Amino acid sequence: MSDNRLSHYDSEGRDSMVDVSYISANKRTAAAHAFVSMKEEVLAALPRNPKGNPLEVARIAGIQAAKKTSELIPLCHSLPLSHADVVCTVREDGIEITARAATTAQTGVEMEALTAAAVAALTIYDMTKALDKAIEIRELFLIEKTGGKSGDYRRQAGAE
Amino acid sequence: MSDNRLSHYDSEGRDSMVDVSYISANKRTAAAHAFVSMKEEVLAALPRNPKGNPLEVARIAGIQAAKKTSELIPLCHSLPLSHADVVCTVREDGIEITARAATTAQTGVEMEALTAAAVAALTIYDMTKALDKAIEIRELFLIEKTGGKSGDYRRQAGAE
Amino acid sequence: MSDNRLSHYDSEGRDSMVDVSYISANKRTAAAHAFVSMKEEVLAALPRNPKGNPLEVARIAGIQAAKKTSELIPLCHSLPLSHADVVCTVREDGIEITARAATTAQTGVEMEALTAAAVAALTIYDMTKALDKAIEIRELFLIEKTGGKSGDYRRQAGAE
Amino acid sequence: MSDNRLSHYDSEGRDSMVDVSYISANKRTAAAHAFVSMKEEVLAALPRNPKGNPLEVARIAGIQAAKKTSELIPLCHSLPLSHADVVCTVREDGIEITARAATTAQTGVEMEALTAAAVAALTIYDMTKALDKAIEIRELFLIEKTGGKSGDYRRQAGAE
Amino acid sequence: MSDNRLSHYDSEGRDSMVDVSYISANKRTAAAHAFVSMKEEVLAALPRNPKGNPLEVARIAGIQAAKKTSELIPLCHSLPLSHADVVCTVREDGIEITARAATTAQTGVEMEALTAAAVAALTIYDMTKALDKAIEIRELFLIEKTGGKSGDYRRQAGAE
Amino acid sequence: MSDNRLSHYDSEGRDSMVDVSYISANKRTAAAHAFVSMKEEVLAALPRNPKGNPLEVARIAGIQAAKKTSELIPLCHSLPLSHADVVCTVREDGIEITARAATTAQTGVEMEALTAAAVAALTIYDMTKALDKAIEIRELFLIEKTGGKSGDYRRQAGAE
């Protein structure tokens, strides 16, 4: 951590959108993780018929949220995503969410992947909250990123 | 749990926005919690000067996100919030976020409070990620809600 | 047609959002219809597995679009919907869409139902266009409305 | 139709935003058509004075909707449009709408042109509905597209 | 000025959306003013034909912006407008804009009227800037407001 | 002024989004100015503590508005900003606002800078209006722009 500064701060300590005008556009990807912890009975009630499924609604909500990231995160740059995807998997004690995003741009897509995972998790919450108000979203973190000046990153197992 | 059905599903199992036409509007509040876990060095670098502050940007982002909840969560009703607030507090190992929302409407504001907390947490992540890619958002849950047909709810200490 | 004036025009012929300040809020509903005409082979390729389904994506897109109506239609009032739903049914030569919306407000929800049907139809188009560029959306019309000063309306069979 | 798959589906049949990371950006255009069928009396009442005109409001609404396409169509990529235009022409039995869009990007603009045409049509509906509730929108289809891997397309006369 | 506090600040000096839960909904209106000052030649070039007119585009943009106010102004409540209108008048040395908004709600619509006037002015700027880069927007102020706890207000002539 | 035409008008005088398909993307910047004139007592009440500050909220609102410009200004192209910043400075009789925007694109960012300045000014108005309803926003103009076919521009001192 040679340069101990927060991003989004200019030389006078004012927050601003980081100026990326002189950074060249290159391919960047990111993957994020979230977990929605819920009671066994709620998990059992998740419908499995093709007509409607909280996990499917959550996937679509997550993909759409990835496209809205720069509206939600004030100092985040807007960029055209070349790819966004969300996978929801039923685990023993909840739903595991993995979100991926990619672009060819001057800034990375970590926030897009994290926002997609967060909104997918909130959507599952919304659709199951009538059964279990103690549902908890946790382990929302970056799994990996590629591209960009700061290089690739991959979260180490058992990092938290 | 006498009525073992997920919300947002009609009698044929299709997802839809729940019809609340016959529910009367009354005062409803909700509070939600999130925690952004980060390294000590990152916490120490959070600027404390009046010109700009990640916690302040996060508060504003959270309040604005509360107003956007129905755009993000597909089957969530849109409603006019009478109040929204976000408080960010520095703890030993991260930032604790509490978000509150209130309305007088036919549906509750749990999702508004949770969305505000989640987006405030993501904003802190965005502004500190240059220093620590292992930052994790956790303990995103409902603290309490009041009003509405299902009555009041208060999360029990040590519930997770 | 005793009062031969277009809505959204003031006494000087300028377009504006109609002033509904003195109209009392009451229950209003509307239903709209759309049809997406496509080749048999494209219909046959619509996946029927629970993991993903153009009709399900279209339903969610339609419900979300209903909430965005006042952003899309310039002189349309914004109002909180108490209900929105979209049903997509496979027919011999295409997909039939029925969208419903309800509110308790000073203006009707015809545009919300029509917008939901249109966006659901466009979403089906988007997900099938790789197979058939000649897909056509037609029969986008109001099926019925209830509530409001102008009374109830129900489209007559074979009206078009 | 050598590759009989719907777009937006990955190899496991899950819907996702198609990954276009490895497609190069090139010039793409599209034109779409819609028709708003209405009674002669309603057509006659369309104001022709310069102060306000449903066709003018519809044009602006259509252009703005083109820019919002990726918000409305869940799996549609967001892209910067280099051009958008809508032309509304009074015909004997209704209003004919032609919408055009162009970009230099990794994906096409068919959905942008179709969304512009659809929203322009809905706007005309909104502004004339007080006079004629049986107004119908039909013939919403792609006229032509250029650019992209799948080549150029031009709808054949009398295709429907 | 008995209570010398800024709005949007809680008792600890933190900014928040003011809690209006205990204020009853009543009729409120507001009118705002803006002036776009430009060279005579630019004014002369404003098209007067019915096909398109910067003043007409500006009116529509202003009305739409009124509906977006709570998205733009962070601590502003969202509310359903019962009316919004913008009038643009050609004066000797520029364009005068008057915007009006009305609602029946717990908070006033000053910001909605001001936002409508500002965005209408910016739209005129956008459409004339090729001819005159020195265009200036000025005199953006509240003309009057009615309703609400703080009573009616009417700007005095020559106030600035 | 050799080519005496308004932008956004095609050869038939219809308004449209200017076609920039054949313009190459290059670096463009713009800076805009606004002034919020207010009474001395209101200026004195602006909180100076790090917990919340109208000028800080205004900065964030302005930066976010820059990203929304193409949603607000109907015929404005959407483009990815590489930079946006807003500076608010307390002057003797009000708050001076300077907004900057940059991109590498086919069109300029004058409207983005002006929109950021306008929304920052409106936000200050919103947060101080309880103390002074006669607050006025003025001197909203372009300070300078660089890049693009029409060349660089710098406003001359005392231009208005």
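Lettered A, B, C, D, E and F in written order, each chain numbered from 1.
The definition used in the following text is that contacts are C-beta pairs under 8 Å (C-beta built on N, C-alpha and C of every residue); 3 or more make two chains touch, one makes a residue touch a chain.
All values reported here derive from a predicted model rather than from experimental measurement.
Visitor: Quick one: point me to the chain whose Cα centre is farthest from that of chain A.
Guide: E
Visitor: Averaging each chain's C-alpha atoms to get its centre, pick out the one most distant from chain F.
Guide: C
Visitor: At what distance in angstrom does the C-alpha mean of chain C lie from that of chain B?
Guide: 31
Visitor: Report the inter-centroid distance (CA atoms only) between chain C and chain D in whole Å.
Guide: Chain centres of chain C and chain D, defined by C-alpha means, are spaced 16 Å apart.
Visitor: Pull out every residue in chain B that's touching 2 or more other chains.
Guide: Only 14-15, 49, 51-53, 56-57, 59-61, 64, 68, 71, 74-75, 80 qualify.
Visitor: Can the chain contact pattern be summarised as a line, a ring, a star, a complete graph, or none of these (other)?
Guide: Here the contact pattern is something else, fitting no line, ring, star or complete shape.
Visitor: Go ahead and list every pair of chains that touch.
Guide: Pairs satisfying the touch definition: A-B, A-C, A-D, A-F, B-C, B-E, B-F, C-D, C-E, D-E, D-F, E-F.
Visitor: What part of chain A is in contact with chain D in the complex they form?
Guide: The contact residues of chain A facing chain D are 27, 59-60, 63-64, 67-68, 80-87, 102-104.
Visitor: So in the complex, which bits of chain A are touching chain B?
Guide: The touching residues are 1, 4-9, 12-15, 37, 41, 45-47, 49, 51-54, 57, 60-61, 64-65, 68, 71-76, 110-111, 114-115, 118-119, 121-123, 125-131, 133-142, 145, 150, 153, 155, 159-160.
Visitor: Touching chain F in the complex: which residues of chain B?
Guide: So the residues of chain B touching chain F come out as 48-53, 56-57, 59-61, 64.
Visitor: For chain A, which residues count as touching chain F in their complex?
Guide: Chain A reaches chain F through residues 10, 14-21, 70-71, 74-75, 77-80, 105-106.
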